[in-house]
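Take a look at the structures below.
Two complexes are shown next, each including subunit A; its partner changes from subunit B in the first to subunit C in the second.
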Partner chain A sequence: MPLEIQIQKNVAAGDAGAATVKLTGSLDTATAPELERQLAPVLAGPGKDIVFDLAQLKFISSAGLRVFANTRKALKERGGQASFINMQPQIQEVFEIIKALPGIRVFKDLAELDRYLAARQHSYEENR
Partner chain B sequence: MTLELHATPQEVMRAVEALQQLGRESRAPERELFGLALALEECASNVVNHALQHDASRTFRVRLERAADTFLIELRDDGPEFDPTRAAAKPEADADAPGGWGIRLVRRYVDEIRYAREGGENILRLTKRVSAPAQPV
Partner chain C sequence: MKKLSECRVLLVDDAKANLDILVEGLKADHKLSLALNGETALQIAARTPPDLVLLDIVMPGLDGYEVCRRLRRMPETAETPIMFLSSLEEVQNKTRGFEAGANDYLTKPFDMLEVKARVRSLLKAKAYSDAVKEQMASELRVAREIQMGMLPHGFSEAQAAYGVELSAVLEPAREVGGDLYGVCPAGPERLVLFLGDVSGKGIPASLFMVRAVSLARLLSRQIAEPEHILARLNDELSADNPSGMFVTFLCAVFEPGRERLTLANAGHCRPLLLAAGQSPRWAVETLGTALGFEPGLEFQRTELPFRAGDAMVFYTDGVTEAFNPQAECYGDQRLLADAGSFAGQSPAAINAGFLAKVRAFANGAPQSDDLALLALRAGAPAPSGPGKGREP
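The block that comes next holds the complex of A and B.
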């Protein structure tokens, strides 16, 4: 099963620095290098946050989890974060078995993520 | 069904797709099929990445069998001797080492992992009991 990668920048309302990466299909040993290649320019850019939309991700292996782990590390180093939305139960179970991404933020859907980002922005402005 | 595969990631996924096809034909539950596919992906990737060192001219074999209530996956390669079941005994602190995540997933999703070294080959057998197929409506 192939992997379709759609990267959209600045789509999450209230968070100008975020890119959304929508994955469809299988993130495995054959497709993980392509995701890594497509994420490289995003990670080289000024954005701090990436939201992975996994609604259509049907399969993941440790090769895919390593791409997420490397992305999370790169974003964390610049004060940003990787978030995950619409995770299917079988994908979430793999995350839980590995415990590879401690402290990752998993949101039920985009609305829940938007609420979190709005609250974070509010807190940031109050503390300025 | 036995597949002869070149040591590439694409061939690993060819084996995974064959397993998924076999599972669907025998109406194995999707959740169990997901775990089996993941176990095969991890073990076959290990063969390609470590035993055969990404050398696409080399081949390995995958045998897939569905019995009444079990699935058997057997992988054979002629790489250096390596027993992943012993690697799995590493302490938790080493679990992030290359291969550590993969074997943890395999152990979670199959019921039995057996390793043997025979005739210069690594032989890894994974077995999983599967639920009875859903009755047609």
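The block that comes next holds the complex of A and C.
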């Protein structure tokens, strides 16, 4: 099964806006290098956060997890974070082994992510 | 590298006159096989695989395109260079030839000097690629020996010292792999067992496996508690890990005097507990985080009573993620259900039983993952008497 990668940069939210990465298909040994290649320019850009939309991701292997873990690490080093939404049950199961890491957040869907981001921004403003 | 004079060229043409010209031009430099039609060519190729095929296109019976496609499907000639020699000179014919799997195309009438030059060039490329493959294969064979040498070779000492039975199986999908296990005596009252699965496969996984297994053996003897072994192993593996490799890892400490097994899990598939007289169940509920991502992680411990007759099975996802031809995987639930039929059996029988179940399920579908099983049963082995073949 191939992997289709769609990367959308959300410029409207300013320079800290998140990029959304939609994955369709199978993220495995064969397809992980291509995702890594396409993420490189995003990680080199100014954005801090990346949201992975996994609604159409059918399969993930450890090679795929490694890409997520490395992305998390790169983002965390500059104060950003990797978020994951719309995870299917079989993906959720594999994901358990990196979920506990700081800098990884899993949300049920986009609405839940938005509520989290709004709350985070709110607390940031209050703390100023 | 194979000498060009030792290379065999298969010449295929339905016109004997054409074959004669080629034989005359090439016989001094190479070994030759001849075929006057496609069917014969395929038979010869299967019997005496050539290093190069010169192939006519327009022939009665199988035409050259079809012969080329069939040669590509045969394992003996899947990568053998094939050059078409044809009077068809349209670009469409040439394109079709390359699509059928050819490496070169020369139109008739040809100049023998050009044929000889192309033959030499194709044979050199083939000999070079064969030599690279052979070297790679021989290095991998040695690497496999080294890797297998890092795993325990026999359990008789541990079995006698701790009053247990042990059995392990490891089958890498390729020559080398990322699955690992260990059984480390650590004092009179502590037997440490571990099993892990490195992310990915092949050489990268095997390098990280070697690092993980060496450290785990060392730490098993230094640290008493499995959750602390994992924490320390994680700290070590996370340091200097630029490629972001990770390993899922289970660690257990068996204390025969206390009849206790203490487990800690770092993201690995849940081990199976076959307690005497009970249905199979998962020995731990927590998955935990895999090792290698980030230092400073903590792991949970699970303590279980483990008495004579109780058995524990560690396995890697090569078992649960074995696929059948319908692309379904064996899965947790089948594993748990099948485990019921192994109640009261020895660790060796349990492992063999799981392998048989998984193979039957996979039903011949090629498997891409490494596979490992490690089983432990408390209590000395039953004395071996006459077995089930006995008449009542």
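Convention: the second predicted complex is superposed on the first by the 115 of 128 C-alpha atoms of A that agree within 3 Å, B and C clash if a C-alpha of one lies under 4 Å from a C-alpha of the other, contacts with A are read in each partner's own complex, and residues count from 1 in each chain.
We take it that contacts are C-beta pairs under 8 Å (C-beta built on N, C-alpha and C of every residue); 3 or more make two chains touch, one makes a residue touch a chain.
From a predicted model like this one, the values you see are computed outputs, not experimental measurements.
Peer 1: Tell me the contact category for A:Ile5 with respect to subunit B and subunit C: first, second, both or neither.
Peer 2: A:Ile5 contacts neither subunit B nor subunit C.
Peer 1: Let me test your reading of the model: by the given contact rule, A:Lys73 touches which partner, first (subunit B), second (subunit C), both or neither?
Peer 2: second
Peer 1: Is A:Thr29 in contact with subunit B, with subunit C, with both, or with neither (first, second, both, neither)?
Peer 2: Touch partners of A:Thr29: subunit B and subunit C.
Peer 1: So which bits of subunit A does subunit B touch that subunit C touches too?
Peer 2: Residues 29, 62-63, 65-66, 97-98, 100 of subunit A touch both subunit B and subunit C.
Peer 1: State the interface residues of subunit A toward subunit B in the complex, per the touch definition above.
Peer 2: The contact residues of subunit A facing subunit B are 1, 26, 28-30, 33, 59, 61-63, 65-66, 90, 94, 97-98, 100.
Peer 1: Name, in rising order, each residue of subunit C that touches subunit A in their complex.
Peer 2: By the definition above, subunit C touches subunit A via 197, 199-201, 243-246, 248, 266-267, 287-290, 293-294, 297.
Peer 1: Please output the residues of subunit B touching subunit A within their complex, sorted ascending.
Peer 2: 9-10, 12-13, 16-17, 31, 34, 37-38, 41-42, 45, 48, 96, 101-102, 104-105, 108
Peer 1: Can you list the residues on subunit A that touch subunit C in the complex?
Peer 2: That would be residues 29, 62-63, 65-66, 69-70, 73, 96-102 of subunit A.
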